[in-house]
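Both complexes shown next keep subunit A, but they swap its partner, so subunit B is in the first and subunit C is in the second.
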Partner chain A sequence: MKKRRMSDQKRTALSAYLFISPFYILFAIFGLFPMIFSFYLSFFRWDGLTPMEYVGFSNFEFIFSDPAFFSSIKNTFLIGIMGTLPQIIVALFLAFALNSQLVRFRNSFRTLVFLPYITSIVAVAIIFGVIFNNQPFGFANYVLSFFDIGPIRWNAEYWPVKIAIASMVFWRWVGYNTIIFLAGMQSIPKDLYEAAKIDGATILQQIRHITIPMLRPVIMFVVFTATIGSLQLFTEPLIFLGRGLREEGITVVAYLWRDAFVYNSFGSASAAAIVLFFIIIVLTTINFLITSRIGKSKKVG
Partner chain B sequence: MAKKEVGASKLSPKKMLVYLFLTLGSITSLFPFYYMLVMATRQNREINQVPPPFTPGSDLVSNFQKVLDNIDFFGAIWNTFFVASSVTIGTLFLCSLAGYTFSKLEFKGKTILFTMILVTMMVPPQLGLIPQYYIITTLGWLNDFRAIIIPGLINAFGIFWMRQYMKESVPYEIIESAKIDGCSNFRIYWNIVVPMCLPAFATLGIIVFMHVWNDFLWPLVVLRDPSVHTIQVALRALNDARLLDYGMIMSGTFWATVPLIVVFLLFNRLFIESLSEGAVKS
Partner chain C sequence: MLKLGKVGLFSLASVVVLGACGGANDGNNGGNEEADTDANEEEVTIEQIGSEDADVELVFWEFGNTGYDVLIEEYVEENPHVTINLQNSDMNDLHDNLFTSISAGTGAPDISMVEEAQIGRYLNAQESFINLYDHDADNVEGEFLDWVWRGAQSGDGDFQFGLPTDIGPTVMFYRTDVFEEAGFDSSPEAVSELVATWDDFRDVAEQINEDTGKLMTDSGELVFNARRDQATQQYFNTDGELIVDEHDQMREAFDYTADLLNDGLVGDIPLWTPEWHSGMASGEYATMLAPAWMQGVIKDNEPEEGVWSITTLPEGAGNWGGSYLTIPAETEHAEEAYAFIEWLTAPEQQLKAFLGYGLFPSTPAVYDMPEFLEYEDDYFGGIATAQVFGEAAQAVEPVFKGRQYYPVDDEFKQAIDDVAGGVDPEEAWQEALDRTERILAR
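Up next is the complex of A and B:
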């Protein structure tokens, strides 16, 4: 009896390892190895065809002396903040409105608001490329002409480029975040709001004192994913600016893509990837620290 | 009396404000779609006028004909469908198998191995982009759907998701009794656990399928030849043409977006719930 049970256990363990092995094998080949190899590659000059040539830190020296690289970092942050901060605020209000018991057609509103999220980023960037056309017939310029502004060269000027790209990010993600917030709000007990209403709290007060504190973990999740998502911005600038990827709108991932697949400079592109990697680590750590601190203060309070 | 109350609350300024806000949000959501339809049905010279047209025209068919002249639209849709379905089926199988293993089987190193999977979720995929490309070329998978499908099968979130679901909804007693009946671990998974977890499959399937359908960067890098382009890469090629024919471009975008919208409207509730659930849980 005892012997059989042992072999049963062994058999279970064996099948367990077999069942989960595909993940680790695939991850080793397509995830872990490429990441490590990126570090290695950042010290070499390589065009993908001829033999690699060890060049020490010169790839890093190159990208750090390239104004376009600095622009790409700056753009990534600026567009990230411009796209996500208003988005999170508007999403909170939209979710709050959708959560209100008074509203009819909630499902229809929910569906409409969510619709942009299912659209591909390529499609979004193409549509917004037409809306933010440089010519007077572009929708944005046409509207601005009523205010005697413009026509603005949307894909060529410093702030207009960022506004256009940030608005694509805003439009596609605001509904998604609304739904996430809504899901979180629906788990908040209704009597809290009832009590607040009886005490005469305004909607803004309700949001500030009930919704936001109760929603903290969900807000953290949204901020976290939005941050990571902003750092990976690529499709919007590439489609909107075209292959040239003007300095006003290039992002870090777009920069490394152009270095690698347009200029065939795999070494410096890898160096850019490494810099991005460290930026992500720093931001993730900050995010974690803030999250855990808030968690702590919640326990104390 | 009650009727009067309902009527009164209908007019309350607070409620009006909420409706106004929601309506504004919905219009903002919808407008780009509408504008896309307008452009897709107009000739380029009509679009290039001031003021630009704001109502649909009559060139829906001729614009689409131009799209077909420029890219293999239906081929690209088929490629995308094929790739997305393959990844979805493969991912569902591997993730559910791993989720079953982590939720129901006992083995050494389980906690560490599972933590490793969670850690991999933190790593942005773009970091290894160049070596990944190199691996694909070495394997000879450039312009080959395997380049999308095989790496696409790794999905840490999927394993996490399946494990959570199975932990909650597959009672241990059922597995125990199947074991006593002499079922192998795989048979327990295939005949008992999978049928019990179909909602989790549907949810994860939707998320994965949509993700692959909309993916752009990786297909752009490894699917160079137009014959293997996915619809996103094909749309980009259309948009990158030297002479910008907005009517044609928007027609391509329009027809590439419509199927997604139709599918979305059909599975609307499942769709939204699955995404919000997935996000709130993780």
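Up next is the complex of A and C:
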């Protein structure tokens, strides 16, 4: 009797493991193996065709002495901040507007605001390539000419490159974040706002004292996903700048991609990937520390 | 239990999704293995040509619109012991797949077409390809243009990677209306004489700019390309060492382009952008230094006949584009594969490919054939365009390009672009050199 139950339990366990095993098998083949292999590769010099040659840490020495690598890290953070910070603020206001009773056709607006998220990045990058065109008649330059600002070389100058790429990120993600915020806002009890209105609070005051504090976990979620997203920034700079990927706009992922698939230097590309891996670990740790603190303060409140 | 079921369902769903992606990728990477192509039917078209009970099946990867299927049918009729499994895919996909399969050591075809710009990547991978000299390729070597032949060769000249198919000799396309507006005779012979040297090119540019306010050409890139391709030494020597700063040909090409840019005679309209295309129709620039295959692009952008014409480049010609047929070492039928590609690249077949699909021949014997000489194009004012391109093809200087040619060339293009943006040429050159040295240090 007892034995029978044991085997029942075992059978349940076994079937559970069987159910989840395909994921782990596929992950091992397509996820774990490439990760371990790229770790291994980072100690070798390899062009993808000839035998690998062990070089110790020299790939790391190389990328740490390459100014373009530091530019890529700096770019990733700058574009990340320029793309996400305004985005979160705007998304917050958009979500507030969509949640309030003042706006008509709210459902249509909700759909519209989400649309950019589902467009192909390549299409976005091409359209923005037309907008941020170097020629005087390029859309952005044309608008700026009314303010007597000379034609800007959007794909070559230090800040313009970043502004162009950051605005692509902004445009594509602002709707996604708006919807997340909106979902969070709908869980805020309406009576808080009613009470505030009775006390004569303005809309800005409502946002500051009710919406933002109540939304803190959602804001944190959005900040984390945006951080991860901006660390993975790749397609936008690639399409906007072409395979050469100028130093002014290259991101870390674009840097390692270029090493591997343009320069055929898989060793240094892997080394860059390992460094990125550690950057992500550090950022995740910081994120984790902040989130756990929020949990504590919530309990106090 | 409910939770467990959900987890199971979720992982099952993700397996299905992942599996679907994985399957599609597999199909792409190893597209040659079987004709089972449910996932990638759109990207790769496969055609089995020849009798079913032939002794040897050759898998042949090609890209673009070559018309080789028609030629292959002719071949298998004469050689019934061979069938050819022709697989056409997108150019970039083909090169990615070839690189992956060569790198992995499995999955390569018996014959692969490789674009001229890509063949240099394999210079270090001699074990992965059949040396065509082992199959008496020296017998046919003389049939091809010297510079094309050498383009698929190791630095020491002992290893031949491929047989050339088509090429892209560069000429000067020009707008007859702009030349006339500036008071010049616009016939090809007159323009060829008028713009015989690069100094002439500059003088004419000034004149056109003064009289019509128009640009001489679209951007610095094609001017730099044209002068680069006329240099007998470019970025690397045959040992693969960087020499760009040790001879003056490249620096002259660079400074010449920089001067034209600084004087506003050349535009800053990057290739393939919408305004570049529309500039062809509206006549924003007077000339375009481009290869034979650019004809189609021009015809698409400016439908009116007789506006654009063709003449020779100042001081010679260059080449941009073209392909080779290689035999990866994995093949078990090297002999049959070689016999086939030798046949396919022979002058008679190249003439057919030219007349049918516009592939420009790499064998000069074709240039004397009557069908070739008679080929005229009403669009370009009824001149015998093939002859102009043929002359250009014979004027190209052979040069060893090296394994990292294209990424390095990209850095110097960026330098030209920087100059267009106002950077001091000396500084731009130096920065390009620094970046190049870092690429080579990897």
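The rule we apply is simple: the second predicted complex is superposed on the first by the 294 of 301 C-alpha atoms of A that agree within 3 Å, B and C clash if a C-alpha of one lies under 4 Å from a C-alpha of the other, contacts with A are read in each partner's own complex, and residues count from 1 in each chain.
Methods note: a contact is a pair of C-beta atoms (placed from the backbone, for glycine too) under 8 Å apart; a residue touches a chain by one contact, two chains touch by 3 or more.
Computed from a prediction, not measured in an experiment: that's the story for all the values here.
**Q** Subunit A superposed: clash or fit between subunit B and subunit C?
**A** clash
**Q** Contacts for A:244 in the overlay, against subunit B (first) and subunit C (second): which applies, first, second, both or neither?
**A** A:244 contacts subunit C only, not subunit B.
**Q** By the touch definition at the top of the document, which applies to A:30: first (subunit B), second (subunit C), both, or neither?
**A** A:30 sits against subunit B and subunit C alike.
**Q** Give the label of whichever partner, subunit B or subunit C, reaches more residues of subunit A.
**A** If we count touched residues of subunit A for both partners, the winner is B.
**Q** Between subunit B and subunit C, whom does A:130 touch in the aligned arrangement: first, second, both, or neither?
**A** Touch partners of A:130: subunit B and subunit C.
**Q** Please work out whether A:48 is in contact with subunit B alone, subunit C alone, both, or neither, and reply first, second, both or neither.
**A** both
**Q** Should A:113 be classified as contacting the first partner (subunit B), the second (subunit C), both, or neither?
**A** first
**Q** Does the superposition put A:156 against subunit B (first), subunit C (second), both, or neither?
**A** A:156 contacts subunit C only, not subunit B.
**Q** Applying the document's definition of touch, where does A:80 land relative to subunit B and subunit C: first, second, both, or neither?
**A** So A:80 meets neither subunit B nor subunit C here.
**Q** By the touch definition at the top of the document, which applies to A:20: first (subunit B), second (subunit C), both, or neither?
**A** A:20 sits against subunit B and subunit C alike.
**Q** Touching A:183 in the superposition: subunit B (first), subunit C (second), both, neither?
**A** First partner only.
**Q** For the superposed three-chain arrangement, which subunit B stretch in 23-31, 59-67 or 149-157 runs into subunit C?
**A** 149-157
**Q** Across the two complexes, what residues of subunit A are contacted by subunit B and by subunit C?
**A** Dual-contact residues (subunit A): 16, 19-20, 22-23, 26, 30, 48, 130, 135, 137, 243.
**Q** Sort out for me which residues of subunit A touch subunit B in the complex.
**A** 9, 11-13, 15-17, 19-20, 22-24, 26-27, 29-31, 33-35, 37-38, 41, 48, 90, 93-94, 97-98, 100, 102-103, 107, 109-124, 126-131, 135-139, 142, 145, 171, 174-176, 179-180, 182-184, 203, 218, 221, 225, 228, 231-232, 234-235, 238-239, 242-243, 253, 256-257, 260-261, 266, 269-270, 273, 276-277, 280, 284
**Q** Which positions of subunit C touch subunit A when the two form their complex?
**A** 4, 7-8, 11-12, 14-15, 18-19, 22, 99, 102-103, 121-122, 124-125, 128, 268-270, 273-275, 404, 407, 410-411, 413-414, 417-418, 421, 435, 438-439, 441-442
**Q** Using the touch definition up top, name the residues of subunit A that touch subunit C in the complex.
**A** 16, 19-20, 22-23, 26, 30, 47-50, 62, 66, 68, 130, 133-135, 137, 153, 156-157, 243-244, 246-247, 259, 262-265, 267-268
**Q** For the complex, which residues does subunit B have touching subunit A?
**A** The contact residues of subunit B facing subunit A are 9, 14-15, 18-19, 21-22, 25-26, 28-30, 32-33, 35-36, 39, 47-52, 94, 97-98, 100-102, 105-108, 110, 113, 116-117, 120, 122-135, 137, 150-151, 153-154, 156, 159, 184-186, 189, 210, 213-214, 216-217, 221, 231-232, 235-236, 239-240, 246, 249-250, 253, 256-257, 260-261, 264-265, 268-269, 271-272, 275-277, 279-280, 282.
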